[in-house]
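The chains carry the letters A, B, C and D, assigned in the order they are written, with residues numbered from 1 in each.
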Amino acid sequence: MEEIAFKHTLPLQIRFNDVDKFGHVNNEVYFSFYDLGKTEYFESVCPNVDWEKDGIVVVHIVVDFMSQIFSTDHVSVETAVVSIGTKSFELAQRVVDSKTGEVKCCCRSIMVAYDLIKHESKPLTDEWVKAICAYEGKDLRRKNSPGQ
Amino acid sequence: MEEIAFKHTLPLQIRFNDVDKFGHVNNEVYFSFYDLGKTEYFESVCPNVDWEKDGIVVVHIVVDFMSQIFSTDHVSVETAVVSIGTKSFELAQRVVDSKTGEVKCCCRSIMVAYDLIKHESKPLTDEWVKAICAYEGKDLRRKNSPGQ
Amino acid sequence: MEEIAFKHTLPLQIRFNDVDKFGHVNNEVYFSFYDLGKTEYFESVCPNVDWEKDGIVVVHIVVDFMSQIFSTDHVSVETAVVSIGTKSFELAQRVVDSKTGEVKCCCRSIMVAYDLIKHESKPLTDEWVKAICAYEGKDLRRKNSPGQ
Amino acid sequence: MEEIAFKHTLPLQIRFNDVDKFGHVNNEVYFSFYDLGKTEYFESVCPNVDWEKDGIVVVHIVVDFMSQIFSTDHVSVETAVVSIGTKSFELAQRVVDSKTGEVKCCCRSIMVAYDLIKHESKPLTDEWVKAICAYEGKDLRRKNSPGQ
């Protein structure tokens, strides 16, 4: 996995009941961290996001859990779009210790934009693609990938 | 991915607040389904499981979301151990429609057994390995994989 | 509190991450149990419930936690409508051990029906009131309570 | 209910999946807000809190839901100890709009301190009682209440 320069960081608030009987943050909770990171990413990077009509749906996710998170830790979620196809795009995210930068967990996910009124997937709009590429500082559109 | 004959099935109870504002079961909730499936698997297959001292921790997970789950659906989680190494083992799981068998979501995860008293990973005991292989009906121990 | 004859019972599935680091079911989770009980109550008792347009919203709740629930317990939620006003109705619920009947937690809540399209509260329909009174076996309508 | 001067305020991070299919924060989630508020209260007010041995358990709670919370709202939880008995103490909490101060939800709860090693309730220590009274700026100990 190439090195990613994450520009988007969101500090996370750990809740009492995020911690399971093993004494660490339950692995299910990481996915609400990733959800929070990507929701905030699109709201701050893309113009005119309307979660009443625009959905962002995960279809494939790969997660590596590297280190436990305890209730006293201060952690943040980092999010980057790493490539954009015609029908899907790829997100890299990780949960890191806010102070030391230690990577607690990292993930790659394939997302599709989803029309919540028509209940069908849809391409990312040109407006969003431009905004994301501008934010990330490079052209993320995948070349020669008609099936993607 | 080879075809897996799942022997372990657990019907799931969907809760009101599993459904998010998109009107379907939130993707975070699938991980509590997988947790429930594997906890019940080990309790019913392995002798003398004691969740006060024996932890089962996920270190890597790959998930494909194939079809949405709605609050009126009846779904089950299926679980199988597919291979056992010296330090880790692999689990296949999927969430299926209990009536039609339609696969809603499937996952592969690499797990490690974890000593909750000493706070360190540990090998699966011979007793557990034998019980799992007997349940699955085949020798799941990986050959020639000293690093695994 | 008068004795209530609960006719509606729903067995609950406890999830791994319902249990917090104190080793018992976290008190937040009880409210998802109560939500599940009342959703299932209205679906089975009232005709033509449509959760896309009919909401049932809690405005006031009183809960007594009597005994801890552990992950190995088998518990059920019991639900009864105990009185119906013109603008609100009262629900009694409790979580009990499915085998011994031991009461783990009980609650009283004041609910209002809510129109999810118009975003405003609305009276229970006559059809629902009749169905609920028939199910509970008595006339639950509050007399002389114009402000309720 | 007398007017309470809340000195302890904690801004809350709303998660994507806190919002249910009615489009507002699910009522179950309020209890994780209250948990977060009281955990943070005791950690910051009382000396030497150790959540491995000191539990704070709710035995009775009364909640009024006054106004819905939406995903775009900024809310905080306010917490105050309002009285201290020999075996229990009372907490007042509310969730408010961080900007307008609008009260979204308020609650009163009776709590007991709980010894997590011995698994039994215990009195608040004199050290904690003093720290809480000093923080709240008044003597909160209930007089003549031997049974409480």
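Assume a residue touches a chain if its C-beta (ideal position, glycine included) is under 8 Å from a C-beta of that chain, and two chains touch if they have at least 3 such contacts.
Just so you know, these numbers come straight off a predicted model, no measurement behind them.
Shared contact partners of chain B and chain D, listed by label, are A, C.
The chain with its Cα centre farthest from the Cα centre of chain B is D. The geometric centre of chain B is 32 Å away from that of chain C, both derived from CA atoms. Separating the CA-averaged centres of chain A and chain C is a span of 37 Å. Note on chain placement: the centre of chain C and the centre of chain D lie 24 Å apart, centres being C-alpha means. In chain D, 16-17, 21, 26, 28-29, 32, 35, 51, 71 are the positions where the chain touches two or more neighbouring chains simultaneously.
If touching chains are joined by edges, the resulting network of the protein chains shown connects every chain directly with every other.
The touching residues of chain A, when paired with chain B in their complex, are 21-22, 26-29, 31-32, 35, 51, 55, 57-66, 114, 116. The touching residues of chain C, when paired with chain A in their complex, are 16-17, 19-21, 23, 26, 28-29, 71. Interface residues of chain B, counted against chain C in their complex, comprise 12-13, 15-17, 32, 35-36, 39, 51, 71.
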